[in-house]
């Protein structure tokens, strides 16, 4: 199956769900959908496109929205499913029902971006170190780390 | 006389504990490589021990992450006196490329006292041996 | 005079001092052979050829801080290493090193001493178990349970294998068994199978690879010794070294015709024969991977014990044939 | 009686900080939890504050064993963003180092597997031979572990004729020795008894839990990024994907040995067919806005970097997914019903590289004081419901 | 499966010379391009600060000492240095003012001793091609 074949067949299968489809580089397909369609899309990709392997979920802070990219790897291409949630109400459905291996990445998103993944099998909060303060999400762009001064023991100066 | 004997035995039989405090593995494989036939630190009576209770020298690698800080202090406390710490690699000394990351405390010396610094990224096995030998020479 | 002799016997030769010196030498030999088999150098820079390495380890541990864990049974925890050393050192006295001469037997040579020595060699295992249990560390506890589990595996094959030469020699006395085989060296050959069974069982008793399960570093940290440090650890290490000497001495006495020839030649016999046994033990150590505790049990009951029984039957048949 | 034993964060079998919490009954493991976070350094945040060039060295230090693979994956992506085409000689040298690194990593792993099984002689011999490839890498790049040979638009150091012949010589020695040692290592009964039939992971569950690399291939799935997403030179080379269908630790050993032999083949092909020309193209300091997904087959499996550029000299977002992280759910699966003695072997069998996995992920307890964290039971139940519980039987076949 | 498969190999090595290099007493050779400790040749440095900008580990620090006389101070923190030699690559002068040598046995008990400092006047833009080779060893 070539890239164009995949794009064409994705257009057919997803219909109105696929908001945007692009093929910027060989073996790379970017697909944009609404957050609500995530689980359905993941199921379709898994069953029809041999994309049972979820490589990872990347998140990016795009100002007003958080953008999440689900990288599905099939033997012929990487299909990246892109979805955006508003910063004011960061909620995302879980796809663990379709792809159990997604749990680690979803928990990672909860930690780093402070989104709520709804329907995640293990919904306990996963924070950074034990002493990490509440409400701090390091990968948000407005979060800045303040360095502590390093004290070198011993010696002069 | 007794002191001399104790000092001699301490120099001749340093047992090490390998402590990874969030390193990238490079220093760890080089520490392990120092045990293997090419370098074979058993020549100096150095044995890699599993528990801090048996160890004399803690060889630490890696920048200290916030999560592991308490563990390092605990392991340091568990090691019976006299004990020495060698920081191996740029991360263990000053944090290396991770300087300024939010989850890094800095070098090992920000948490526990360090007796010897071995620079390198990673330090070659012979540089590590050199560090151990310099430490023993100091005793 | 007799008192002085007893003291000399207990303290110098073949008592504590001799055992200490010789067992540290054996540890060095073991480590060096192991390293050379692996194409390494082994201890080199402590004394000549690294000969003093085990002594340096021992002294260093003596000078180290001694930590007793909070939760441990403190009295038991502290006293066990000394008992362990005492037990194996006593076993060492029973070896027919000094008391080789049947005409003028030593005080420690008596009919049935082979049983006593086997029994004394079993005790350290129980002491290890108690030590592990009293330190209350999780890894120690697992190590302790493994120690006991293994004990049920190797003990029976060891007894059967060591006792079959005794049956052939028709004696329960080490000196007599040794003398019997000195007179008839050819009869050692039928015992070869038993020798190898005993070798493997001794390897298990000494908890060396492939049987170093109770203190497998990559699995349960230090296992039985996780909480031990300083003097107590030094004593435990010495216990193992002495046990190595005693066990190899036992095998040499039973399977290799003892240590004849008086003080000097007899001593040379002792050294050469025990070192041969230790070399074989080191070879096994370098040859194998550590097996699991369930595999130890099934191996000893499915392979070692039947072999030992076959050996015993063969010996009984041979005995009937000879008489 | 069941109780919990903590493995790590400082444990001799691990060498790296991670906490495994095993619920055991006697010697049998009934449940396993993995707790990360000890090696979390916050690299992704840091990458946003560093320039494109500085990030090469930062990604290289995600992991020491597969340092080149992270750097390569990153550099590949950035080159796409900057629309740079590295010269062919540069690419050949880059992937030559990749394959040498794979050799070093697999030899290291085989030795460590021997060490975890208490087979120290095997460990010593493999690591002695590994020094040959370390010397080659040091000769090419100037450092034993962090090669720093990648730069944007090519590589930093050229190969001369003497080095080429030394590489061929070294690989020939290595091939001879590794074939010999693996043949005898594989016949040692106590070693085989420890690794055969341990750590089962069926094909269906390996796929469902998104396992990667040798773990996936040892379950009979022939997937390899080098084949399915060939970057630059791999489509010009002749090699096969090594698989095994025994689904256990022995299968993983076999897969790695097969890969080693393939790597020797590839190194020889690359050295002999090294094209002439430049080794590096001039790179701009800034990248145009855009995004890219870069994949690379690291020694441990698929490595994926997602890079976003915003037109400045720093990345907008760098997401790194290292292979080890993808293998954790599968590891928990494998550990169940095993013995305590199998923990180090099973865990080592995924070739864990915790530092890779944890460049950003942290799974730590809530402040409830409860220690166990990644409760994999739910996950497992789902996986079971989906694929049934039937491990594939079959013996791994040695490549000799 | 063969019992004691490793035996011949082990016994063969018992009488062979060990693979060990008896390090401190016997030095190991490093390859000619080994990346050891970086150092500065101050007479060549034009203070473009490319090395400071590109250093991934913040190991290079250049400060003004006396702006009027164009005197600068450069500190290389060897405790932070990752020995990647990017500073050498970034250096625009010919011959390069940043250099790297193959020194690696610089273990010490004091981090302050790992700082190497140079105070120098800025070189003119185009140094002569035949600049005197005076490698100032890092003040370790």
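Going in written order, the chains are labelled A, B, C, D and E, and every chain counts its residues from 1.
Here is the rule we go by: a residue touches a chain if its C-beta (ideal position, glycine included) is under 8 Å from a C-beta of that chain, and two chains touch if they have at least 3 such contacts.
Here the structure is a predicted model, which is why all the values come from computation and not from measurement.
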Any chance you could name the chains that touch subunit C and subunit D both?
B, E
Taking touch as defined above, what minimum step count separates subunit A and subunit B?
1
Relative to subunit E, chain with the most remote C-alpha centre
C
Across the interfaces C-E and B-E, which one involves more C-beta pairs in contact?
B-E
At the largest C-alpha centroid distance from subunit A we find chain C
When the C-alpha atoms of subunit D and subunit E are each averaged to a single point, how far apart are the two points in Å?
30
Rounded to the nearest whole Å, what is the centre-to-centre distance of subunit A and subunit E, using the mean of the C-alpha atoms as each centre?
41
Rounded Å distance between subunit B and subunit C, as computed from the means of their C-alpha atoms:
35
Taking the mean of the C-alpha atoms as each chain's centre, how many Å separate subunit A from subunit D?
23
Shared-interface residues of subunit B (touching two or more other chains) are 36-38, 40, 43, 50, 65, 67, 94-97, 100-103, 107, 109, 121, 124
Quick check on subunit A: which residues sit in contact with 2+ other chains?
128-130, 132, 138, 145, 152-153
In subunit C, which residues are in touch with two or more of the other chains?
35, 37-41, 44, 217-218, 221, 286-287
Could you pull out which subunit E residues touch subunit B in their complex?
18-24, 28, 37, 56-58, 77-84, 104-111, 114
Of subunit A, residues touching subunit D in the complex
25, 27-28, 52-56, 58-61, 69, 71, 73, 75-76, 78, 80, 96-97, 99-105, 107-108, 111-112, 121-122, 124-130, 132, 138-139, 145
Subunit D to subunit C touching residues, read off their complex:
3, 5-6, 11-13, 26-27, 114-122, 124-125, 128, 188, 190-191, 193-194, 339-344
The residues of subunit C that touch subunit E in their complex are 33, 35-41, 44, 283, 286-287
Within the complex, subunit A is touched by subunit B residues 65-67, 94-95, 100-103, 106-107, 109-110, 113-114
